[in-house]
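I have a structure here, written as C-alpha cells, and I will follow up with some questions on it.
Chains: A, B and C, in written order; residue numbering restarts at 1 for each.
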Amino acid sequence: MPRTIKLHPFTILAIAVAVITMTTAASLWWLSCAVMALCLLIAGWSGHLKKLAVLSGAMLLPTFLSLLLIHGLISRDQSPAIAQWGPLRVTLKGLEVALSLGLRTAVFVVVGLLCGLLIDRHQLVAAIDLSPVPPQLGYLLAASLFLLPQMAEKQRRIGEAQALRGAGTGNGLAGWFQRVRLRAVPLVLASMQDAQDRAVHLSARGFPASGANTRLRTVPDSPVQRVIRWTAAICAVLGPILILLLSAMGGN
Amino acid sequence: MDRKLIPQGTAVLGLDLRTFSYLDAPEPVLRDIHLEVQPGSLTVISGHSGSGKSTLGAILAGLLPRHSMDQLAGTLSVDGSLVEFSDSASPRIDIARWSQHVGLLPQDARHYLSGIRGTVAEELAFSLENAGMPREQMHQKVTALAQRLRLDHLLQRHPDQLSGGQERLVALAALAISEPEVLVLDEPLAGLDQPATALVSELISLLRAQGTALVILAGTHHFWAQEADAFWLLDQGTLQCIPDAAQHQIRTETQHQHPAGGAPLMLNMESVRLCYPGASGPAVQDLDLQIRSGECLGLAGPNGSGKTTVLKAIAGLLQPVAGTMSLIGTTGLLLQNSADQLFERTVLREVSFGIPKKSSLHQRIAEVLVQLGLESYAQTHPFELPASARRLLALATVLVHEPKILLLDEPTEGLDELGEAKLREIIAAVLARGGAVILSTHDGKFMDSVAHRVHHMNQ
Amino acid sequence: MSSNLLLPDESSSQTIRRRLLAIAGTVILVATYLILIITQPMGIVEGLGQGVALGTFAAYLAAAVLLLLAVLPDLPVSTLTLIPVALALNIILGQFVGSVMIPLYIDSIGTVIVGFLAGRRAGAATGVLSTLVWSLFAPTVLPFAAGAALVGFLAGTAARFGALRRIYLAPVAGLVAGVLVGVVSSPVATFVYGGTSGVGTGALVAAFSSMGDSLLSAVTKQALISDPGDKAVVFLVAALLVYALPKRLSGSFAFVRRYRVLGKRVSK
C-alpha cells in the first residue's frame, strides 16, 4: 500500500531541482550514487520501489550503452589505449567520461521519476491553479493526464469494432497502411470532434477565469515548507555556481 | 406560425428569431420562431433527429451563433436585457455570464463535465472556482445543493466512475449551482434505463420545484405530456404549437408471427462460459441459448449482466472458455458505440468499405442506403450526419454484408421515431428471409413489440 | 442595449506583456544557441562541463516556458480542449510505428495537427506542453521542449503559406522543419547529455566521431539523418488526418478559414 507524502508539490519539486543541480555541479561519483541510493530508499518507504527501479532501468540502459559507444569506444584524446580494433579505441579516460555522463543523467532520471511517483496529480494541478500562472496551464496539465487512459481505452474499442468488419487483413505495405488508417482515423475524428463539443461548455462554466481563481480542494502548506522552498530555489541557482567556482579555484 | 403576445416583463427568456444559418450552409436551419419562457414553467419542444432542436437549445443558451461564423437574425431577451442580432450587428456574447441566466445540458452529459476534477464535489464547484468564490462559501453551496438534489452519496466519487445516468445527474447539479432562471435540457432521458430514467426525472422535478424554468428538447413528448405548460413541435425549421399533446400515440403494433416450430436451429449455445482476458471472474457462465430461423430473441438484464459479452461471443470476438457453441450462417453485430468504426469521408464509401468493385454485394450498397433512408446523405461526411442517421449508417455497414444472424446492442439508442420505424422494418426483413435477430436493449416497449422471446440474463 | 452579457475588447497592456515574454523567450533561445555554437566548450565532464550542461538546460527550458506563457492566454477555448487530445495522439499514434523497424520517433503528429489547424502559436504551445507532461514520465525530454515548440511553430507556418493545399508539399515542409529542429536541438543532446539516448543514434554519432568530427558536429549530423525523415512522415500523416476531418470541424478553426489552409475543398 503506497504511503503518500503530505508535502506541498512545489516543495518536493524545489528540493528535487536543488538536489539535481548541485549534484550535477559537484560531479562526484560517490555523491551521485548516494543521492540515487537515497531516492531508492524513499521509494521503498513509500511503496514505489519496483516501479522506480524498472522505469529508471528502462530509460538508463540505452543511454549508458549509447554513451559507451560514443565516448568509451571512440576515444579521441591522447591517453594510452587499453584496446584497439581499427577505428575503435578504448581508453580508460574515455570510459571514465562515459560513466560520468551516464551518472549525471542517471541522477536526473531517478530523482525526476521519484518526483513523478510521489506527487499526487490532483494536488499538483490544484497547486498550479492556485499559483499566479495562467489558469490554462493547470487545465492543460490535468486534461492531458486524465485524457490519455480514456483515449487508450477508446483505441482498444475501435480495434475491436474494426475487427468485426473483417478489416485489415491485407499484406505488405498497403495492408499495413490500411490497418493503421483503420485504427488511427476513427480515433482522431472522434476525439477531435469531442474536443470541439466540450469547448463551448467549458466556456459556459467560466473557464478560463478572468480574475484569480480559487479551488475547493485544499493543498496543505505551512510556513516551514515555504522557507524550505525558497531555500531550495536559492540553492538550486547559487549552489552550482559556488561549487563550480570552488572547484575551479581548487583546480588552479 | 403562431405568434403569442405576452405582456412584456414577465418572461424570463424570450426569443424572436427571423432566420438562423450555420457557417457556409446554403439554407437557414431555423426560421420564424417566437418563444417566451415564463418563470417556473415547463416548455417541451419536440422534433425528430436533425430538425434543429439542439441548434435552438444552443441559441437559447447563448452558445450560438458563433461570432463571425454563423448568422442569426433576431433578438433574444435575457434577464431584462435585449440582445439584437442582424447582418450589421453581431455582438460577442459573454457565454459565462449568459449561462448564469440560461444553462444548457447537452445530449451527451460528458461534454459538459470538465474531466479534470478528482471528485464530484469539485466538479460541481468548477464554475464557482472560476468565478473566484472563497472556499468556505463554495463548500457551503456544494453541500447545500447536494442535499437539496439528493446527491450526497455521489460527492466523493471520481467523475470517471459514474454511470451514464449519474453523469447526467452531476451535470444537472453543476448547471443548477449557478442558479440560472432557465435550464435547457437536450433529450435528458435519452439512452437511460428504467432506474436511471426515474432518478433523472426526479431531479428535474426537484429543479422545477425550486422555481427554475425548464425547456426540454425531446424526441417524443409523451413522457412530459402531463406536466408541460407549453408544447411545441419543431418541424421544417419552425415551431408549431401542439394543442393537445395526448394525440401523438405510438403505434405499438406488435406484428410478430411466431416462427413455425420446426424451423432450423441457427445458434445453439450450451453451458457456455465467457471470460475477458485478464478479468478475475467469468463475465457470463452457464449460458444456454438457442435461436431458430425467423425468430427474434431479446436479451434482458441489468447493466453488467453480460448481454454485450454474449453478443460479442456470437459475433466471434470472444471465444467461450467452456461449453459449446454452434452457429449456422454469418453474423453481423451492431455495437453500442457504433460511431467508433466510422472513418471514411463519405457515407457511400463507409458502406462500400471492404466490398471489392466486382463483388456481387455491390448492388446491395445502394439497396441498403435506400432501405435505411440514407440515399440523400451518400456524399456527406459521416460525422456531419444527425445522430439518428449516423446510427443507421452503422447499421447499414452491417447489413450490406447480408448477415444471417443480426446482433443488435442497444439499437434504439440515438434513433428518433423515424429511425426506430426503419429499424423495425429491417428486423422484419431479416426474419422474413429466414434469418434471426438477437437484440439487447433497455427500451422495454421496443423489446416487447419486436422480440418473440426474451432471455433474462442471470447475474 | 445590455453590456454585461457581451464581451469587452481586450486591454492593450496584456498584449504588450505577452509580446515581451515571447521576445524574451526567443532571445534566450537564439543567444544560447549562438553562444554554444561559437564557443563550442570542450571538456564536457571536468571543469566547466557541468556548468555548461546546467546552463544549456536552464536556458532552453526557460525559453520554452516563456514562449508558452506568452502564448497561452491568447488561445481560444476550442484550441485549449484540442491540445490534450493532441498530446494523447502524439503518444498513441507514435506507438503504431513502434512495431515497425524504422528508426523514427513519430511522436509529434498531434502537435503538427494543432499547428495546421490552429496556427503556429497554438502549435508551439502544444509542443512545449507535450514535453512538460511527458517529462513526468521521462524527465530527460525536458530541455527538448524548445525543439518541440519549434515543430509546432513550423507546422503552423507551413500551413499558413499553403503547404497543405497540395498533399505532396506537406512532406517537403516536414523535411525543412526536421532540418531546423535537428540543428536547434543538437546542442542540447551534446552539452547537456554528452550524447544521445538511443543505441542506434549513439552508434551513428560514434561513427561520425570516429571519422574525426567534434561531438557537436557528430550529433548534428546524426540529427540531420533522423529528424528530416521523421518530420516529413509526421507532416504527411498529419496532413492526411486533417483532410479526413469533416469540413464542419476543420472549417470551424479561424486559422484554417483565414489562410485557406485546406484550399478550396473539391469533395464535400
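By our rule, contacts are C-beta pairs under 8 Å (C-beta built on N, C-alpha and C of every residue); 3 or more make two chains touch, one makes a residue touch a chain.
None of these values were measured; they are calculated from a predicted model.
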Open item on the list: On a CA-centroid basis, which chain has its centre farthest from chain C's?
Closed with: B
TODO: Look at the interfaces A-B and B-C and say which one is made up of more C-beta pairs in contact.
DONE: A-B
Task: Where chain A and chain C are represented by their mean Cα positions, the distance between them in whole Å - done: 18
Open item on the list: Centroid of chain B to centroid of chain C, CA atoms only: how many Å?
Closed with: 40
- [ ] Name the residues of chain A that each touch 2 or more other chains.
- [x] 139, 143, 147, 185, 189, 193-194, 198, 200, 202-203, 207-208
TODO: Specify, in ascending order, the residues of chain B that touch 2 or more different other chains.
DONE: 62, 98, 343, 383
Open item on the list: Among all residues of chain C, which ones touch two or more of the remaining chains?
Closed with: 244-246, 249, 252
- [ ] Please give the residue numbers of chain B that touch chain A in the complex, ascending.
- [x] 58, 61-63, 95-96, 98-99, 103-104, 106, 108, 111-112, 114-118, 121-122, 125-135, 138-139, 142, 160, 174, 312, 315, 317, 333, 335, 337-343, 353-354, 383, 397
TODO: Enumerate the contact residues on chain C facing chain B in the complex.
DONE: 1-2, 4-7, 244-249, 251-252, 254, 267-268
- [ ] Please give the residue numbers of chain A that touch chain C in the complex, ascending.
- [x] 21, 24-27, 55, 59, 62-63, 65-67, 69-71, 73-74, 76, 87-88, 96-97, 100-101, 104-105, 108-109, 111-113, 116, 133-134, 136-137, 139-141, 143-145, 147-148, 151-152, 155, 176, 180, 183-185, 187-189, 191-196, 198-200, 202-203, 207-208, 240, 244, 247-248, 251
- [ ] Give every residue of chain C touching chain A within the complex, in rising order.
- [x] 44-51, 53-54, 68-69, 72-73, 75-78, 80-85, 87-89, 91-93, 96, 100, 113, 129, 132-133, 135-140, 193-199, 201-203, 205-206, 209-211, 215, 218, 241, 244-246, 249, 252
- [ ] Note which residues of chain A are touching chain B in the complex, please.
- [x] 122, 125, 129, 135, 139, 142-143, 146-147, 150, 154, 157-158, 160-167, 181-182, 185-186, 189-190, 193-194, 197-198, 200-209, 211-218
